[in-house]
Amino acid sequence: MKRELPFVLVFIFGMFMLLQYFVPHEKSEWVYEFFLAWTIIIGIFALALGIWSLFKVSVDKIKMHRPGWGYSYVTLAGLFVMIAFGFTKRNGDAWGLYHLWWILGLLCLGAIMQVRAETNTGRKKMYFVVSLVLLAATVAISIFDNTWSFHFYTSEGLENTLFRNFFDYIMIPILSTMFALLAFFIASAAYRAFRARNLMATLLLFAALLVMSRFNPWIPGAEYVAKASTWLMNVPNLAAQRAIVMGIGLGVIATALKVILGIERGYMGKG
Amino acid sequence: MNSIFEKFMKLDRRWIFLLLVIICVWAYKAKFTIPILIEDETRSIYDFIDSLPPGDIVFIAIDYDPNNLAELHPMTYAIVEHCWRKNLKVIFSALSQNGPGMADQAIRDISDSMKVDKEYNGVLYKGREIKNGVDYCFLGYKPYYGLVILGMGQNFRLPFPNDYYGTPLDSLPMMKGVINYDQVACVIDLSGGSITDAWIAFGQGKFGFPLALGLTGVMTAQYYPYLGSGQIFGLMGGLLGAAEYESLADNPGRAIDGMRVQLFAHLVIIFFIIMGNIGYFASQRRKKREEV
Amino acid sequence: MDFTTFLWMTFGVFVTLATFSFLYKDNPFYKFAEHLVVGVSAGYFVIILWHNGLVPNLFQKLADGDWYYLWLNSSEPWYIVPAILGMLMWTRFSREYAWVSRWPMAMYIGISTGIAIPLTMSTYINKQLYATMTLSFDNFWGHGGFNLLDPYSGLSNLIIFVGVISALIYFFFSKAHEGWFGRVADLGIWTLMIGFGASFGYTVMARISLFVNRIQDVDDWGKVAWNSTVEPNPNYSNWFLVVFWGMVLIIVVYIIKEIVQHFSSKSKAQTQA
């Protein structure tokens, strides 16, 4: 039951989808559509796992005072603020006590974390009282402030200005800058790693230099360099990549067959 | 002579970083443009969209995260503005985790720039208000992109009962009678990851719609085989591809603007590669001499 | 541009520079930006999954049912099944019941591998083989006269054919790469190297363009800041300015601290030597 049933399920679902592709029938098409809709729902629940474990790791880090635990507050603050923004939207042009509300909410969460982390009983009690007061204030604002409201069942929160600003001015700059760091590492790799040691490395370097110079208007014969690099992309590169694609395709099919037939079982984990 | 190169090899890499920053910022501030040679791969996408009659639907899949926005956002801006100026309708989807935010931002920005009159390739286009449900429909995000792409082939409403903003698809005017890919003129996938493979295998492979790709530079070379076999009808690669589209559409934006930095940064990197190789051979020769 | 947007842009530039400071060395500003973005993207994803996933695809399907009938009286009660299967995924957190989470995973894996087999076969293999085998030698030396750099000439087609076959032979390990077979395999690896080189060239371009985009963003902010096209917002300006200059102060103090530390450790090392 623990080990065998999953493999039976993989076999049944896999064979159904395989046969359905070759013999599309009205009835099987109906089941097929249900499977597609259902898997999306399962996927949502599965992805929630990742977010929960991020939450748990951060909370534990604060509780145990592991190195860098202070930064976990930043992570948790970002997480909760974004969720709060996604479920709320202002009704008119005024913000009212909205900003006070989310800041108090964050402070309340911080106080709760401190209650969990604190070992001194006196201070534990103090943080407990503080968190209760902050909670009461947050709840009071959400009940009595009419300038904004909660939207759980409709997606107004996605159009909340703060929700958009957090994406546009926090997520976009940081995420794109983190990847922009790679520009520097490729530059330092360029003079340490790319050596024309033998014929193969020379060919690689030559192709790379040709592609990198394709839009350089100042080198002699610029037009021919551009044409040569187009030819290189469309002919030898195409041939190489096609061989790789076919290799990958064969690998994917072999693995998929092994999974469906229960030969490959590593993906299920131990136990 | 040898010792200079060998010293260069042992240089702290932070000096290299600083040199790159200085060159890039200088090139960005310098005022010159570099000619952009248009490749057939990009031209075929432009020609395809340009030849569509007004009212046709183009499906644009925004499958990238902020990590790759540098290369793919300019493509999105150029293509979507081209579509809307040509009075085409656009369906957006976003199958990567942070894709919805990218699409949301692009739609807001391009809607703003559509409000003014502009001249492209000698033709004046009147500014107009872009309306959700009339000019575009933004489907939003769902997990497991492969199965979502298959699901959309049955009916867009199967994975996406509502659009991103929570409106049921049936209540959007432009989605009346639009069931699946059959009602769409082409799909353009702008992607920075493996979602492209799903669009080729599960989308074009199963439903046979015309598919074009806009990819990050890292991925570009890997997708030429599909161009050769006719599975995709166009391919834009990296910032260069975006710049090509911008110059075809006569709508210069961030890609053309960035090409001169690109040029100088490449020269710096080529210089590093050459210096590195000279240093390598010099030290090899010295080793040999010492052995003798 | 209104003042609030300008302040948001300012914060964007601040976190950009904070992230770039990693190039010098790891520091609290980089750590702050890193932890902030992890939290914010997780929160963003929660909201997207909720509004774009759970609500339209599950809750609204069961909306006409009642909770005290466990939604079994709704018009599409079978949507409870994936919800239950999805919740079974959460047994992963328990050591004792983790095996239950294999059922929904088995369903997903079965469905995705089952559908992948025929489609992968046709996309990655059949169509690629077809494109390689249908050799056309028309315009052998190039369209409209002699042109070796014509990618669609008959000669180029022949080169693609030879390249694909030799690269495939290189991947074929069941026979030792010796004699003529080995030589063809060598040709294959040369082709592959050209392919990797092209990939590398494009990768350099990709990485640089990421940096170019950052320069453009900072420059956009600079244009707004220096040409002062900002309309002041009387409600915010004073408080936000305090926050802004407070931020600048923290950075300056940190840099001074670093410099002092750097020199004091250097002089210590010298006295020890």
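Think of it as A, B and C in the order they're written, each chain with its own count starting at 1.
Here, a residue touches a chain if its C-beta (ideal position, glycine included) is under 8 Å from a C-beta of that chain, and two chains touch if they have at least 3 such contacts.
All values derive from a computational prediction rather than experimental measurement.
Each chain's centre was taken as the mean of its CA atoms, and the one lying most distant from chain A is B. Central chain assignment: C. Criterion: smallest distance from chain C-alpha mean to the mean of all protein C-alpha atoms. Per-chain Cα centroids separate chain B from chain C by 13 Å. In whole angstrom, the spacing between the mean C-alpha positions of chain A and chain B is 20.
Remark: chain A and chain C have CA centroids separated by 9 Å (rounded to whole angstrom). Multi-chain contact residues of chain A (touching two or more other chains) are listed as 36-37, 39-40, 43-44, 46-47, 155, 158, 167-168, 171-172, 175-176, 178-180, 183-184, 186, 190, 205, 209, 212, 230, 233-234, 237-238, 241-242, 244-245. Across the assembly, chain C contributes 23, 41, 44-45, 49, 51-53, 55, 57, 108, 111-112, 115-116, 119-120, 123-124, 128, 131, 160, 195, 198-199, 202-205, 207-208, 210-211, 213-214 as residues in contact with two or more other chains. Among the residues of chain B, those in touch with two or more other chains are 17, 20, 67-70, 98, 100-101, 142-144, 147, 150, 159, 162, 164, 166, 221-222, 225, 228, 240, 262, 265-266, 269. Across the complex, chain C meets chain A through its residues 8-9, 11-13, 15-16, 19-20, 22-23, 31-47, 49-55, 57-59, 78-79, 81-83, 85-87, 89-90, 92-93, 98-99, 102-121, 123-125, 128-129, 131-132, 148-152, 156, 159-164, 167-168, 170-171, 188-205, 207-208, 210-211, 213-214, 217. Interface of chain C with chain B (complex): residues 23-24, 41, 44-45, 48-49, 51-53, 55-57, 60-61, 108, 111-112, 115-116, 119-120, 122-124, 127-128, 130-131, 160, 195, 198-199, 202-216, 219. Within the complex, the chain B residues that touch chain C are 14, 17, 20, 24-25, 28, 67-71, 73, 97-98, 100-101, 140-144, 146-147, 150, 159-162, 164, 166, 200-202, 204-206, 216-218, 220-222, 225, 228-231, 237-240, 254, 257-258, 261-262, 265-266, 269.
Put simply, chain A touches chain C in their complex at residues 2-3, 5-7, 9-18, 21-22, 34-49, 51-52, 54-55, 58, 68, 71-72, 74-83, 85-87, 153, 155, 157-158, 163, 165-184, 186, 190, 199-201, 203-212, 224, 227-228, 230-250, 252-253, 256-257, 259-260, 267-269, 271. Those residues of chain A lying in contact with chain B across their complex are 29, 32-33, 36-37, 39-40, 43-44, 46-47, 154-156, 158-159, 164, 167-168, 171-172, 175-176, 178-180, 183-184, 186-188, 190-196, 205, 209, 212-217, 226, 230, 233-234, 237-238, 241-242, 244-245.
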